[in-house]
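Below are two complexes that have chain A in common, paired first with chain B and then with chain C.
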Partner chain A sequence: MSTSDAVTDTVRAQSEASSPMVKPIPGLEAHQLTKRFDSRGEQTVALQDVDLTIAQGAFVSIIGPSGCGKSTMLRIFADLMAPTDGVAMVKGRTPHQARRDREFAMVFQSPNLLPWKSVLRNVTLPLQIMKLPKEEREARAREMLALVGLDGFESRLPHQLSGGMQQRVAIARALSMHPGVLFMDEPFGALDEITRDRLNLELMDIWQRLSPTVLFITHSIGEAVYLSTQVVVMSPRPGRITATIDIDLPYPRTASVRDQPRFYELVGEVRAALNDGQGRA
Partner chain B sequence: MTAGSAATVSPVATIESPAAPAASPGAAERGRPSRWRGRAGRAAGSAAVGVGLVGGTAVLWEVAKAAFDLDDRTLPHLWDVVAYLGSETSKGENYGMFLLNNLLVTARSAALGLLCGALLGVVTGVVIARSRLLGAGVLPLVVAAQTVPIVAVSPAMVLWLGTNWTTKIAIATYLTYFPVAVATAKGIQSVPGDALDLLHTYSASRRTVLFHVELPAAAPLIAVGLETAAAFAVVGTIVGELPFGSKTGLGVVILTSWQFYTIEPSALYCVALAACLLGGALVLAIRLLGSILIGYAPEGGSL
Partner chain C sequence: MTAVEPAAEPGVGRRARLGGASLDPVRVLAPIALFVLFIGAWEAWLVIGNVPELLLPAPHQILSQFIEDRSKLSTFAGNTLAQALKGVAVGSVFSLTLAGLVFRVPVLAKALQTYASTIKALPVVALYPICTVFFGITDRAVVAIVAVGITPIVFAYALTGFSTRSEQDELFRSLSAGFWVRFRLLVLPRSAPYLMAALKTVVPTSIIIAVIAQYFGGSVTSLGAYIRRESANLHVLEMWSAIVASCLLGLSCFAVVALADRLVRRWLPTAR
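Showing the complex of A and B:
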């Protein structure tokens, strides 16, 4: 604990020293982040010296083939895994401290709802754990369910909803915590393309309204370009960042953005970066 | 009689289905499943199958008796067994009532033993699932304890605890404990990692994880363990009542019926059937309780 706090201070000190003005604390920061797995004497390098800075309020997608360490990086930020080396920071705090402060929320690939709890009880669960009063947590849950278009479904059980609706509940559950940072691990990966496109639109709308910092993992180039302010391309063995592409598409991004020539140019750039990374690996 | 009522159930289903296609082919397809759809329909179907099986066994009993030419001492007529319920005991009591009173004594001990065994079992299951070290140490002991023949230790337990209800409850507890402990441990270990990760990101306490995720997720398996345990509880209680010294309970009635089997075989069959009924009733009660408490459909959920 104390060592990581000391690291926080040095990171702050460095950023303050580098410019006369006090720089804002980044939403997410990785410094020389390395993760190795040992299994029966064989070593896999999931992440190798990854440096990454994500400004608060940015929407950053990580894209790359399986095994490039993108999930590993997200799990380190979410305090579900400790790095072998290097430092990860969430809003200037260690992942452990950020988790204690309920600074972030996570959306998984599976909706991960508790099947015996109603939609409303699923969404209020984190708030109950945060010891919010009953009226407040129910009000927040209803507000977030309305935001994802699920008002009227509060008393349903998860199995009575479609896969897309279940994932909407999962998003509402994460948002109900009012997180500064939202981790999304291929949240729409298991959905059909039509549902995925619709949820992309809704997520864009939600992000523009609430503006959390989002770290979004995906396999879909189109999804990454459409949603993000920045796309980070990773490649495997060892897992590292091979390209960072700023997405300069205008806001508000409506469905028609996907028809603009600039959208196709950026999709091409990301694809080229992915192929480059593959070639070098 | 029971076989007759089961036979009337199946013709109803077969008579209606050929009649329906004549009216409209679609109606038959839509109409038939809806007859058995819903809880009431399924319950009625299961009940019909149950009644049919009981009736079939009754028929088999009488057929075996006729086919192998068994005398009444080896296998009495079923109606003689049923009629024996109406006879009088040596104390002038109605035998059916006498049996019912003893059954209630056994039922009370079995239910209490089941409750104690279930509580102990759930706690052990949680410990086994939660702590790898403790679990690895405790589980083999639990298994070893289970393989000790209860008939071998029950006389010793009677010496320790006496012939009162505590011995019977202790034996029933001992037998019910194992299936519940194993079911709880398996159920908790089957909770998907994503659910635990989710609760970890909430910084939830172990207590919260246990009561909000692990125990509810394990509940369907615990319910199955409890059903097995319920049957064991009845057998365990009866075994506890067998050793010399007990005065009431189905075990005592079984013991006396053994002694008089050559004179009156129907008595023993009456007690055996009563024990079956008690076991069945307890298992059904547990299942009913389980389906009320676990009112969700696990197969459709995302966990």
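Showing the complex of A and C:
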């Protein structure tokens, strides 16, 4: 399947904030990306010849059953894992270089906060590592905490917050770096549905304001459709992309978007693509 | 943006972390009753069995001797404590530095972790003669043997603590943090429970090592040397009251460290 053609012309419907790009370097790019694991003599193909191009400022969700290689792909882009074959690029750089340049930030499935540091200190952590002056990092952290609705919680410790609030802190921590690319690995997977819905709204709001390129991994079809400019469907054995679906829902995406008939059509399309992929696997 | 779900059961976690031993009357009274029973049996046995004082004095005699000697004993105990704690400080700095450096080289860390746990079983006091060769029969020899004795223990706990992995390691990798930044901001605070466990083991042990070392030779104004002197002179009561002082010193050290451990756990809550 040729996904890259379909993907490159995906430009965000809403482009108010993005500065005019001199040359269109994609946010993320994968060519023939392959990852094989050897365990006890048995070989698993987590990714097989995956091609993918994601425009800067796009919000792309990857959805698929367990073992389809979606986390593997994200981890290769984030330089947490090396591919067996093929090339991954983050804003025109190798993942390693992009990590060194702090071009991307990660939000993990668990909030991954340092339990002995206050909310504020958790958010300033990346900036502390980047050696920013103390005043600047605190100012930035406060700004990001306000953005995720946690102003007033700066001096709390993580265990004093609910799961949803902890994940908000993790998002604020990632945003504090002003990343060009945001990797989100099932960030709301462990939350209850009500909290997840609310955080989806908030994430949409943040993305529309800051417009980073987002690679978002999820198991939830509704979440993928609501959040994304494009949904990439993957299937396992071997892990590969089986469909890419452009999401043409209007902006700004408020809660009411989820009541539109078009939303349900798209959910149906993604579900059908998932079933197709399963059938062929 | 709408904010804020209610925080998850505030306080529950904290109480659990603090150990949560509420004042159970049985748990408080039972040990006291046992102690009283033990002293009573001791006193009774001396009377019934007609045991000479030189062999085993009665608890009440020891207590009155202890009270009489209290200012002398507290000076000696202070000296013993100072030497033990100096040893702990020297040994801890040395073993933490060593553990940090070893941790820097993963292969070395793996190799030494096996040794560290077995080296804890060495009878360190047996090395005291070697220390006296280097330092003579001085306070410094006592400090040295305490340091030598606790080093493997602190080293083993520290290396185990440093080697603990958690999901935050990937966070620090994604943030492109260098080794020493990661060590300072993640590894060291994360291993706080291990370091406190080391301290809980090491501080009472250091008192034992110091007293025994002083017994074999050390400054005259220390508990160990006093115990040897009085026992040689058959001053049984004085010897016993010094033994009581040693026990009290060890116990109170343990209590202080255990309390510090609780405070640290409150300041540095570990991941749940």
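Note that the second predicted complex is superposed on the first by the 258 of 281 C-alpha atoms of A that agree within 3 Å, B and C clash if a C-alpha of one lies under 4 Å from a C-alpha of the other, contacts with A are read in each partner's own complex, and residues count from 1 in each chain.
Rule of thumb we're sticking to: a residue touches a chain if its C-beta (ideal position, glycine included) is under 8 Å from a C-beta of that chain, and two chains touch if they have at least 3 such contacts.
Remember, it's a predicted structure, so these values are computed and weren't measured experimentally.
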Task: Fit or clash between chain C and chain B when superposed on chain A - done: clash
Open item on the list: Quick check for you: in the superposed arrangement, does A:Gly277 touch first (chain B), second (chain C), both or neither?
Closed with: neither
- [ ] Name the contact category of A:Leu125: first (chain B only), second (chain C only), both, or neither.
- [x] both
TODO: Identify the partner contact of A:Pro95: answer first if only chain B is touched, second if only chain C is, both if each is, neither if none is.
DONE: neither
- [ ] Applying the touch criterion given at the start, work out whether A:Val148 contacts chain B, chain C, both or neither, answering first, second, both or neither.
- [x] second
- [ ] Figure out whether A:Trp116 sits in contact with chain B (first) or chain C (second), or with both, or with neither.
- [x] both
Open item on the list: Tell me which partner touches more residues of chain A in the superposed arrangement, chain B or chain C.
Closed with: C
Task: First (chain B), second (chain C), both or neither touched by A:Gly69 - done: neither
TODO: Would you please give the residues of chain A that touch chain B in one complex and also touch chain C in the other complex?
DONE: 78-80, 99-100, 102, 104-106, 108, 110, 112, 114-116, 125-126, 129, 157, 159-160
- [ ] Using the touch rule from the top, collect the residues of chain C that touch chain A in their complex.
- [x] 1-8, 10, 13-14, 167-168, 170-177, 181, 185-186, 189, 192, 267-272
TODO: Within their complex, state which residues of chain B touch chain A.
DONE: 192, 194-195, 197-204, 208, 212-213, 216-217, 219, 294-303
TODO: State the interface residues of chain A toward chain C in the complex, per the touch definition above.
DONE: 78-80, 99-100, 102, 104-106, 108, 110, 112, 114-116, 125-126, 128-129, 147-150, 153, 156-157, 159-165, 195, 198, 202, 205
TODO: Write out the stretch or stretches of chain A touching chain B in their complex.
DONE: 78-80, 99-100, 102, 104-106, 108, 110-116, 125-126, 129-130, 157-160, 166, 177
